[in-house]
Amino acid sequence: MVVNQSVRELHHFIGGKMVTGTSSRFADVYNPSIGTVIAKVPLADREEVKAAIDAAKAAFPAWKATSVGKRVEIIHRFRNLLVENLDELINTICEESGKTKEDAKGEITRGLESVDLALNAPHLLKGEYSVNVGGDINALSTKSPLGVVATIAPFNFPIMVPLAISSMAVAVGNSVILKPSERVPISALYLSKLWQEAGLPDGVWTVVNGDKEAVNELLENPTIQAISFVGSTPVAEYIYQTGTKHNKRVAAFGGGKNFMIVMPDANLEQTANAFLGAAYGAASQRCMAISGAIPVGKETADRFVAILKEKVAALKVGPYTDDSSDFGPVITEQSKNAIIEHINTAITEGAQVVVDGRNPSISANSNGFYLGPTLLDHVTPTMKVYQEEVFGPARIIVRAESLQEAIDLINDHELGNGVTMFTNNGLAARKFQEEIEVGMVGINVPIPIPVGYHNFGGWKRSKFGEGHMFGPDQARFFTKSKTISEKWLSNDEDNGSSFAFPSNNTIS
Amino acid sequence: MVVNQSVRELHHFIGGKMVTGTSSRFADVYNPSIGTVIAKVPLADREEVKAAIDAAKAAFPAWKATSVGKRVEIIHRFRNLLVENLDELINTICEESGKTKEDAKGEITRGLESVDLALNAPHLLKGEYSVNVGGDINALSTKSPLGVVATIAPFNFPIMVPLAISSMAVAVGNSVILKPSERVPISALYLSKLWQEAGLPDGVWTVVNGDKEAVNELLENPTIQAISFVGSTPVAEYIYQTGTKHNKRVAAFGGGKNFMIVMPDANLEQTANAFLGAAYGAASQRCMAISGAIPVGKETADRFVAILKEKVAALKVGPYTDDSSDFGPVITEQSKNAIIEHINTAITEGAQVVVDGRNPSISANSNGFYLGPTLLDHVTPTMKVYQEEVFGPARIIVRAESLQEAIDLINDHELGNGVTMFTNNGLAARKFQEEIEVGMVGINVPIPIPVGYHNFGGWKRSKFGEGHMFGPDQARFFTKSKTISEKWLSNDEDNGSSFAFPSNNTIS
Amino acid sequence: MVVNQSVRELHHFIGGKMVTGTSSRFADVYNPSIGTVIAKVPLADREEVKAAIDAAKAAFPAWKATSVGKRVEIIHRFRNLLVENLDELINTICEESGKTKEDAKGEITRGLESVDLALNAPHLLKGEYSVNVGGDINALSTKSPLGVVATIAPFNFPIMVPLAISSMAVAVGNSVILKPSERVPISALYLSKLWQEAGLPDGVWTVVNGDKEAVNELLENPTIQAISFVGSTPVAEYIYQTGTKHNKRVAAFGGGKNFMIVMPDANLEQTANAFLGAAYGAASQRCMAISGAIPVGKETADRFVAILKEKVAALKVGPYTDDSSDFGPVITEQSKNAIIEHINTAITEGAQVVVDGRNPSISANSNGFYLGPTLLDHVTPTMKVYQEEVFGPARIIVRAESLQEAIDLINDHELGNGVTMFTNNGLAARKFQEEIEVGMVGINVPIPIPVGYHNFGGWKRSKFGEGHMFGPDQARFFTKSKTISEKWLSNDEDNGSSFAFPSNNTIS
Amino acid sequence: MVVNQSVRELHHFIGGKMVTGTSSRFADVYNPSIGTVIAKVPLADREEVKAAIDAAKAAFPAWKATSVGKRVEIIHRFRNLLVENLDELINTICEESGKTKEDAKGEITRGLESVDLALNAPHLLKGEYSVNVGGDINALSTKSPLGVVATIAPFNFPIMVPLAISSMAVAVGNSVILKPSERVPISALYLSKLWQEAGLPDGVWTVVNGDKEAVNELLENPTIQAISFVGSTPVAEYIYQTGTKHNKRVAAFGGGKNFMIVMPDANLEQTANAFLGAAYGAASQRCMAISGAIPVGKETADRFVAILKEKVAALKVGPYTDDSSDFGPVITEQSKNAIIEHINTAITEGAQVVVDGRNPSISANSNGFYLGPTLLDHVTPTMKVYQEEVFGPARIIVRAESLQEAIDLINDHELGNGVTMFTNNGLAARKFQEEIEVGMVGINVPIPIPVGYHNFGGWKRSKFGEGHMFGPDQARFFTKSKTISEKWLSNDEDNGSSFAFPSNNTIS
């Protein structure tokens, strides 16, 4: 694989213009498939972020005053542009994230679901209206946009997450500032171009590139009304605590440790196939990736591991330019090393290596950040590889004696993003569905990501804050409710004064 | 007025039992109408709060597992008991808060609206169900109770606020710990009795009396999943920042500076009557009390103040035992002094006294914490009495030249709880309704408190957190969403492995 | 069993008064457990019905203008009275319908669910409110009561169906005329007493006793806005066609032929127990009674029939005064004869008698309309006993080779009220749930009646009309929607004239 | 204006193919602007309609089984094609209906709102899900498509009404048969082309051209599950009564007599301008056209008529090829004559002619079906021109002494489609909004057509049937509800038999 590309200097997108960074701080953007720097992205200082916020604030009143019908008309055009630019978007994603083309296409398709959701804004913005709640008063409610909101996105879905956490915010009338991951800024800037082409007024959509300094300005600046974040749990917790310390509305989505319970009655061949894609796809760099399997019963475990051993070993890691690659590199050299360290520690702690991916042979390009698939058996809750999210293709087998033990294991884990179970038994599925302390649950569905028009979000330390940033509840997160009590008086009546607390009911 | 009453020692209500305080710290509970201590309330230390939390936690699993139909059946009985105990509840409120009987009855009636709302739990708990969102997957969602939640209530509505911020929490399956104001613990304990009589299992409802130490334990204890608070803005902010620092879901409602815009076309006699009750009722100790009027235009202001001068001066302050009292004392001697200090400062800063209530003649009992009604004219935004919530019967007139100026004044204030306007003009009302940056809006409604089945909550520094603790959104605040993707497999089909990110749409 | 009772003359309940019938036509009301006439019920002629309609019409405007909060307050009191009068209601039901006390209590409890649903009227009446749908227009909608509506109830649920098809109608502001079955008028009149005691204004609730003449006046009278009916399919069809011919809104619920599919993996002992109560309870006189079982596979059928044979034969039929009775008599002598005729015909057509209930030995009282439990095996789709609803304790076994055949059989039947399946297999359950052409579906639930806050209603010839009379959609059936587009003009702007069709979107 | 065009023979669109008519009956399609036949449209006989129904039925199962996401994807493409074909669609509408280009564009834009609404199908199809409604039963509901549905459209909106009454029907999974007006079949056939190009499977969308014979087959054929109709009141009534006689679900929208109340405080110049477009636009051939004004008070009436006299007289009627035309011809020569007859009768009955449009001078083409604008004053309720919908540019003034009289007049009229009022007074507007017996209400909005995401529909004889065919309630009209009660059993527990009626509540 040969990519001939000079190192471009990227920009911010502020007030409808591509703006050169002035902080003189930059980060390298890699093509992880070849281990080469392809661009340098400016890291905004606080003044640059403030300027971006000011531009967003200036755009807000006119955008808020635009009817939702006209706002949605722009979303329609934006949707069409995304479809028209599909190939270019795929290439951009693949280049800076390393994922396969098919995977990048899946990501965009999923992102489109969020755009489609934003097309529902006229419905999701509806308030309630009650006639004569007492005393000829009508009560009604409305949902108002918040103002300037910030969304902070991770590297693993360069297009999908920005679409997911900003489309609705735009549609309901906010100005949105996106701070993409400094690993994948090119995709975010590409979206800026499309928003502008769709007719979005300048300042309604902003991209500020940066690192913690930019994030902190967003968290502290009083103009920012809400923060939505997707990333790792420690950062999500920091975002939640810091944003709320500045009285903001915050929804911060963290990592996952997502298990697949395998029941004895499951078809193990089918289940293993489902496991492969859900566990190793995108080099396991998904917050909803299956982290490991929990086969129930020794016999199930032995048979399942035997089937997996062969299948996992046969997986092909390679660059996105090779269509036969099952998955690509991890995002950085540091990430690669951290995953290897995770495997090493697990072995020290007693895990058994079924498949070892630490030294993959990648003929295509030896400088890419590749790791082969690793499968560890006999992992237990005391091991680090069990307790922490591993953002790379090292997956684990945890053995349980019973469904109850499997459920208890999962419920005791501090993360609660996703989980799935394979079985044909209705009773087992219901018990699982009811008792499991996890926000997104699959039954015979390998990656239980809800469809775009249902809510997405984990429990426990996988999600901080009440709100949902994906799914229909987004429209609530990005608006505030106003309740109006309306009455009209006749000039010739006199209602006198009432000193009692008003109520429209009576007790008798 | 003579009340002959020994000083009782109050309890906590933990695990279905009245429990004696063990901290050896107590607070005095006054009858503010006579300025006499009627009870001493134990102030829980951290260990006592922990014990209460443990009891609540122990009760949760069984309560959660109880069908919503059976939970609501208990709410029905609780509602009936509230109605049956109406007179006793009124007396309890009046005695410890000083408000008039009519006002106490209004409070209870309003509280019943929250209980009625909780009867809707079966509807408000419904999740969504979608057939075949793609690949024969059905998607569904559920709302699960959070676990143990805490509600921290203010002194000014001893019954209504506890009902409002706990009935739904109970109905949807949580265990609830109420920390009432140490000024009015008797009402909260009375509710405990009724809950128990209604058949609520022990531990589902808890009352812990205390001060900041108890609050801090509730804010920091990892078992507590959510905090709902009603009180002053500084404390609301503390609650929000501290609760979220411990990763909790928090909704904290603070104070208000609620203005009544008086338009030139309004019937000023009607409007003045509306003002009286809304501004001075309950000695102005309501977060939704009208703090002041903004007449539009000099002529309107002059006429309105002239009408008010006479009416305000005629208001009668006195004990609840006298049915002709328009309002009663403020809650404490300290509060009385603070309000007088507010008036003094305002005069120093240039406000003009229309009616002076600093030295009321109260024949009934000279030791009660009484203040007469005060009205200050020509108040301006730079004055302290304008900027801060005054929790007592000192109300202000702020003069504006135009509707736009009136709206701008209100929008520039840091609080945004309630607001109202008196006019017959549809265009003015619409402009006001749309542009005003306040959460609860009245049009010709003196106190724009939404009816119980609509959302309650302010904007800006009157409310911290996304959630609504009153109104139908309560059911969301006190639950968490789980989304399930369900599919059933045939053993003889093999879906293979998919390494791409899953989506149910296709782009073509 | 000895009931000493003179034959009372019953009344109508019109305008808040018990009114003597003037038509000089009467029907006998029996106690079916002893076969004795206990009352005679007047059959209204058209003039009497018109008078009732006039009284209901006169009451409508004030009731509509009453706030929903006050209307619901009456529903609360009505609910409490139902609970307080439980024993008396049970006795009334048992006496005129013959069902067991436990069954009567179940019926009332279920009826209470409909009353509870009506308590949700404030929510279910909410309209929608959209700000600035374009051109500064706000759009809003309201739900208005229809006016005078009629509900026509069957004999088999003397209390539940009247509650179910009228509570919401009352709560949302209509005047309701109930025509109960002339077999069970005493229960309906009892309800009238409770409504009045609860404070419902005179004329809002009316009971007109009668037969087809009264029904026809209700169907044809232009004041009647909507008809809700529950009964047999031929009458439901007549009601739908005749009511709509007079331009009314009609929902008419007919009969059922409700099958239980028994899968080979089901626990047949459990399933047989579930079958017994669902099939023979209330002497099978329920539109949701299980009419028959469809075991899948010969082995399943043989085993299931063997188990049932013993259990069915052991069932005890007898009067409600004997607590050990499993079920009581059928409603009339004619009904008894018709069921025997059904059995005779089935035998002629080739059905095999497993248990024969045609000649039960009832020591208690030989004049009651008793039938023992009958079970017929090898019933096929060409037999009359298969095609028609049999409203009495003759149940059938239909044998199918496969799940697909079972589903096809059910889908080919003209009725589609209820159906259930017993299995532990998730895939089978899903296939069944998706493909079955029936409105109410059970999975391991013997009688799949939805809980009160979900919709009730069959498909195919089991229900005529779009509307739902039970469940939350009731509030829609009993109201009509008004949509308001509101704008306020400034006198000094001129919008000119637009001759194009107005739209708030633009195409560009 | 010269249009050189041969007379084309049109087709049906059945099973994805343009099909030649075989009945040998045809109707002439005119260009009303030049009075010339431009096409002949085949009138299907019953056999042709049956064949179309068969093709639609054959397509249903696969379309129903298609996930809603994929169905909506086709709606997206269809929407894009409508926008791309805008100019061609405008020309088609103008040619066969005679309306102006601007008006045709407005119609299409409005039609797009219905397509946008259909994009919300994933949300609007959601069922409800309740966990543990008692006894570990989960209750859930789904919405299933009906099967083959028919929509019968009028001439006055050749594109908008077909889009409005079919887009959602398609999106939720039905096969749809459109019978367009035989006056405007070309537009309907154009839509067929676009549906096919968008990827809609053959048979899901069908166009059958015809007259009453085709309509009757649709009304009687048992395969047709639902009928939606828009047209005149007498035909709507026929459709409702005939469709329901065949047990179908029917929503039939009829005509309107839509008044504009003019209050004394209204700006009469503004109001007159609003009246012009709303009353005479599209040659008044809209069911929501303003039929007349009701000025309140003699002074208001005199001034308003004086202003209108001048403005109405200045209106320009002419062909769509002339951009300065305010409106075009009426649809046929017969329609023209009927309107003239209406005017003649009104004059005989005592109406005063303010502006007489019976003999317009149209230089462009003397053979078009043109009528100038007519305004009649002093019209009273006894006149025919008051009682009936006049589908052409003859509008009336009805004088009322008070708002109450104006409201009473409107409420006494048998039609109740639309109504509007011009005023600045909030109290008057509220009284009007509450008391008026009309389904669609404007306040200072000349044509109160609700935006696409709110419900559309009149009251009284303007709408037959419960359902809404426009707006979000469409999704209910075109689906049926299934309620599932689901439980899973453990093989080792035995629940025994229950003979009582099942309920999940308990009374105690």
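Letters are used for the chains, namely A, B, C and D, taken in the order the chains are written, and counting of residues starts over at 1 for each.
Here is the rule we go by: contacts are C-beta pairs under 8 Å (C-beta built on N, C-alpha and C of every residue); 3 or more make two chains touch, one makes a residue touch a chain.
All values reported here derive from a predicted model rather than from experimental measurement.
The chain with its Cα centroid farthest from the Cα centroid of chain A is C. The interface holding more C-beta pairs in contact, when A-D is weighed against B-D, is B-D.
Chain centres here are Cα means. That of chain B falls 48 Å from that of chain D. Centre-to-centre separation between chain A and chain B, using Cα means, comes to 35 Å.
One inter-chain figure worth recording: chain A and chain D are separated by 43 Å, centre to centre, where each centre is the mean of the chain's CA atoms. The residues of chain D that reach two or more other chains are 69, 113, 116, 122, 126, 128, 130-134, 140-141, 424, 426-427, 429, 443-444, 451, 453, 488-489, 504-506, listed in rising order. Put simply, chain A touches chain C in their complex at residues 65, 67-70, 73, 122, 125-135, 140-142, 199, 423-427, 429, 443-444, 504-506, 508. If you check the complex, the residues on chain D that touch chain C are 83, 86, 100, 102-103, 105-110, 112-113, 116, 128, 130, 133-134, 137, 139-141, 157, 160, 237, 240-241, 244-245, 247, 249-250, 267, 269-270, 273-274, 276-277, 280-282, 286, 311, 326-327, 422, 424, 429, 433, 438-451, 453-457, 459, 461, 464-468, 471, 473, 476-477, 480-489, 491, 493-507. On the chain C side of its complex with chain B, the touching residues are 69, 72, 76, 79-80, 113, 116, 119-120, 122-123, 126, 131-132, 138, 426-427, 429-430, 434, 451, 453, 472, 488-490.
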